[in-house]
Amino acid sequence: MAKTLSFPILILCLLTFSTSDASVQDFCVADLSLPEGPEGYPCKKKVTADDFAHGGLAAPGNTSNLIKAAVTPAFAAQFPGVNGLGLSIARLDLAPGGVIPMHTHPAGNELLVVTQGTICAGFISSANAVYLKTLSKGDIMVFPQGLLHYQLNVGKGEAQAFVSFSSQDPGLQILDFALFANDLPTDLVSATTFLDPAQIKKLKGVLGGTN
Amino acid sequence: MAKTLSFPILILCLLTFSTSDASVQDFCVADLSLPEGPEGYPCKKKVTADDFAHGGLAAPGNTSNLIKAAVTPAFAAQFPGVNGLGLSIARLDLAPGGVIPMHTHPAGNELLVVTQGTICAGFISSANAVYLKTLSKGDIMVFPQGLLHYQLNVGKGEAQAFVSFSSQDPGLQILDFALFANDLPTDLVSATTFLDPAQIKKLKGVLGGTN
Amino acid sequence: MAKTLSFPILILCLLTFSTSDASVQDFCVADLSLPEGPEGYPCKKKVTADDFAHGGLAAPGNTSNLIKAAVTPAFAAQFPGVNGLGLSIARLDLAPGGVIPMHTHPAGNELLVVTQGTICAGFISSANAVYLKTLSKGDIMVFPQGLLHYQLNVGKGEAQAFVSFSSQDPGLQILDFALFANDLPTDLVSATTFLDPAQIKKLKGVLGGTN
Amino acid sequence: MAKTLSFPILILCLLTFSTSDASVQDFCVADLSLPEGPEGYPCKKKVTADDFAHGGLAAPGNTSNLIKAAVTPAFAAQFPGVNGLGLSIARLDLAPGGVIPMHTHPAGNELLVVTQGTICAGFISSANAVYLKTLSKGDIMVFPQGLLHYQLNVGKGEAQAFVSFSSQDPGLQILDFALFANDLPTDLVSATTFLDPAQIKKLKGVLGGTN
Amino acid sequence: MAKTLSFPILILCLLTFSTSDASVQDFCVADLSLPEGPEGYPCKKKVTADDFAHGGLAAPGNTSNLIKAAVTPAFAAQFPGVNGLGLSIARLDLAPGGVIPMHTHPAGNELLVVTQGTICAGFISSANAVYLKTLSKGDIMVFPQGLLHYQLNVGKGEAQAFVSFSSQDPGLQILDFALFANDLPTDLVSATTFLDPAQIKKLKGVLGGTN
Amino acid sequence: MAKTLSFPILILCLLTFSTSDASVQDFCVADLSLPEGPEGYPCKKKVTADDFAHGGLAAPGNTSNLIKAAVTPAFAAQFPGVNGLGLSIARLDLAPGGVIPMHTHPAGNELLVVTQGTICAGFISSANAVYLKTLSKGDIMVFPQGLLHYQLNVGKGEAQAFVSFSSQDPGLQILDFALFANDLPTDLVSATTFLDPAQIKKLKGVLGGTN
């Protein structure tokens, strides 16, 4: 058949083409050894299937701590395959009574899906309105970028969730650590939050903050 | 204490401010009754906590079909809360032997997390390179925007996954449906895919395509 | 001269062209009467020079309150001319000892320029590092999106500054109001911030919060 | 064959799915009757193949004018199919000696391909550097956003080119029309351009400007 | 005249200014020797007019192959001047009966302008709707990002077109090459496309695929 | 109290977490020693508070020149802290009668706030419409990207303003310098602007242009 006969020519033609295709940027797996730019890391030259998958969220995080909870991120630094994709994920594990304390993601919207247990989650808007939901397995909820929010295990057993972000590097600012786990002077914290100095010193003491 | 005494004044001042805050656009829950624009739907005027959560992914999709699989999306049309957030999600259910056939998302990168079973997934790059991985519970994998990919349940039991997207409306083009489930003439399909007319007619017959 | 003689033809030609130019979208002054979308308000049909200027920041804000400070925003809602421009501004007035308390802008980077007095400003990063500077007249400082920051008048007289944002609607979440000026239950605040209930109730009382 | 037998079930399953697919936003053909937003027009509800094609550039523009040239745009206002695509095109026709005078596109980069004749084109950077090229049929050249540039037919016959833009609405500001074809007072033009009032008045007279 | 006398001062002042202007990034011609990032290549330090023009599309591609067609891209890798501009172009040559087979551009919208002959073009939406048009010289058509489409020369002579993209690197995934020109196992292709193994093996044989 | 006792565990847990936080990209202070990319400079590895503040706008620019005005920019090249923030600023100083001559910012919208004196400012749209305002201290005005505009001191004393931009590198093309301060031949300027050669030569002479 003529069609079949002509195929070898097609192959030559297209193989050549395919070579220049090799330079097409379908993806940009991070080369973490190079300096990051505003939009992420430079791209790794040679990639394999392993660059696009990540096993780091398979095991539960350690919840033997006060908050009885753990956040395991797969952002660009942990999973270079998300670099340039505007997308990342983290795993939340909450023991009974566990809490992911009040926090924000400065650079990304969040979408949570509960995969085990019952979670009470909420966020607070710029207008100081509170949006609270109790979520069961399979339920999803969004938390808009930069707004204070939390997740609380309100069930009897372990709770687990995956949270996706609209950024490869959404950031995470935990309120207590921002205020009390550094050397920001107590007076300055008090003057800018109206918290009592005694309260600040107490939490600073606990979280290792100074001044 | 002087501080406490002055607070009422602060309240008045800031409550006024808080009122103009009400117009700040922290989020933009879709008003699906209004015409969509290039960046999504206009924002709903009044929102409650229910607008930010969605229960539609809690139940498994029906896998009693040939592909033994189901995709349940929570894009802007199903979950108006993701409108404007550059983020959405879908649930995949695959019975044993089930497959999400070769497809693309024209408008979004994808991040899959396996929540049950074992999935063999793969994508093909512009350079025709194939990236395949077998993923277990808790493993994640990315599929860059617009590239052909598939997911296959290669375990013995049910498989389940959640797939997040870097778009509130990533689209979904299933290869077989694009080629065989419409009125695109067999000759045209053959001329543009090099598939044999008999093969095309067979699949058109099965999928309800005409011409 | 031939050139001059031909000009009338040019005019006709280009006036026609100029008419279709009228539809070019150089700007998109907000029509606040129409529903907002994810990228801002629909554009006003007829505009005048007044739509591009705004006098609302000319007068100082009222600093006769506890924080001895005022924020006067010119976001899209106050100044429709910035709609679609990815840019807005606000005026800060701080009486001696005044403070813009710890807050974030969920949707925009900030660039401050001091126009009067001496301001101590600082922000805290996701890594809990503190960046503090004392700024005099003419000094500028940036505050990256979504990070907690504050401004404090540390001079003897009035202080004044203008803050620009990389968004027409950067949002403003004041920490104390988010935590204490709504109906978020004291127990929930305590569980998610580790603040003592007494401290929470005290500030709720002052700021009009309930529960 | 089992496979074939099961297909009808697949069809039912997927047809249902396909219905919800109908809401996926693959494109957003402009509904020009609705108010434009910062990112373009709302999307037309029902589209046909005609919405994605445009015949308006098939005929040459009228070059019987002083500049001996014509620009025929296919921006969103003329070709609603480009709405939301970040892409548009225009046709340039230049009679011998014709010129597209010094102009800018405030909102888009430009890529020119010469399809007939010989064109001398150039642009000037922010650093006042001049980049000039003489282009023949099939040659391409880029003109970065917002920079002054021009195209001049330096061949003996007609010249023709297509110019693509990285915006559905790149805008077009022709220098002479901006300065001389409106009511901007001569004194103001002189004070802000250092052109002699006589020169300004001469061109205002020709181009229909006043004051 | 005083004005003229003061000009030399102006020059000194502004030349200084112009020097700092030199750092302004009007454009970012790719330095292909440096690692690419998510948004393209780092910028070349010294540029000349030659960096902004490209002659590689002036000659027709070789259509002596099965598809009787050729695609000649001027993406960032071939034409570094488009780097960072969100814009690129390619030339299509189709001999009589030639076809650009079913393909997608994963990362860019496409705008085609026919410059010679008659082309039948079509694309298929996520909703499996088919949009077909027969285009003559000067006609334009858009193909939204990531959707399957093709171009077919349906005239008697050669056909030629230029296709612009809303990306400096839109990618190109040709369906037949993605499925049949690599080592993706026949069984896997069959399981994920429902094509008969014989059909797959036939095309794999022709296109050099294995397994 | 049990809560307090458990805190040390929390610290250990979170300190570990905080370490991986260190890689979060809250900001991207420019490392000016590395090659710039399309979105700005690579990020400096170690930053201090000094990287986020800049004193370069505190002193007035030198207005002892013909235009009796000075522009002092704080773009990424002068103030590396704005890199990646989509925001920058400049200071304008205008002596009595001073003018910032007709110019454009190719890559950014502008928002001006008058901090001293009285300024007449204006811009011209793509439709050649003129928008003029006289602005006093505290008044603000926007100038959309890429459009010709100017600022003129129309008061009796010094005028001063700060102009913010929606880009870390908005560019600045001063019309007179683009046309007359380089080697663009007089004939070419005349052919593309319709200015008289004598006028061009006069300004070229003054501004140091050649040809």
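A, B, C, D, E and F label the chains in the order they appear, each numbered from 1.
Methods note: a residue touches a chain if its C-beta (ideal position, glycine included) is under 8 Å from a C-beta of that chain, and two chains touch if they have at least 3 such contacts.
A quick note: this is a predicted structure, and the numbers were derived from the prediction, not measured.
Colleague: Give the chains in contact with both chain A and chain E, ordered by label.
Modeller: Common neighbours, chain A/chain E: B, F.
Colleague: Taking each chain's centre as the mean of its CA atoms, which one is farthest from the centre of chain C?
Modeller: E
Colleague: Which of these pairs, A-B, A-C or A-E, matches D-E in more than half of the residue pairs in contact?
Modeller: Over half of the D-E contact pairs recur in A-B.
Colleague: Considering chain A as a copy of chain D, what rotation angle in degrees (nearest 5) results from a C-alpha superposition of the former onto the latter?
Modeller: 180
Colleague: Looking at B-D and B-E, which pair shares more C-beta contacts?
Modeller: Most C-beta pairs in contact, of the two: B-E.
Colleague: Using mean C-alpha positions as chain centres, tell me how far chain E is from chain F in Å, no decimals.
Modeller: Chain centroid spacing, chain E to chain F, equals 34 Å.
Colleague: How big is the gap, in whole Å, between where the Cα atoms of chain D centre and where those of chain F centre?
Modeller: 27
Colleague: If you average the CA atoms of chain C and of chain E, how many Å lie between those two points?
Modeller: 40
Colleague: Please list all residues of chain B that touch 2 or more other chains.
Modeller: Chain B, residues with two or more chain partners: 3, 18, 21, 24, 26, 37, 39-40, 106-107, 122, 125-126, 128, 144-145, 147, 171-172, 177, 181, 194, 206.
Colleague: If we use the touch criterion from the header, which chain pairs count as touching?
Modeller: Every pair of chains in contact is listed here: A-B, A-C, A-E, A-F, B-C, B-D, B-E, C-D, C-F, D-E, D-F, E-F.
Colleague: Report the residues of chain F in contact with chain A in the complex, numbered from low to high.
Modeller: 3-4, 6-15, 17-18, 20-21, 23-26, 28, 31, 34, 37, 39-43, 45, 83-84
Colleague: Going by the contact rule at the top, pick out the chain C residues touching chain B in the complex.
Modeller: 35-40, 62, 64-67, 70-71, 73, 75, 77-78, 106-107, 169, 171-172, 174, 177, 181, 206-208
Colleague: Note which residues of chain A are touching chain C in the complex, please.
Modeller: Residues 99, 101-102, 104-107, 122, 124-126, 128-130, 144-148, 150, 152, 171-173, 175-179, 181-184, 188, 191-196, 199, 202-203, 206 of chain A touch chain C in their complex.
Colleague: In the complex formed with chain F, which residues of chain C make contact?
Modeller: For chain C paired with chain F, touching residues are 3, 18, 21-22, 24, 26-27, 47-50, 52-55, 57-59, 74, 79, 81-82, 85-89, 91, 109-111, 113, 115, 122-123, 125-128, 131-133, 135-147, 162, 164-166, 194.
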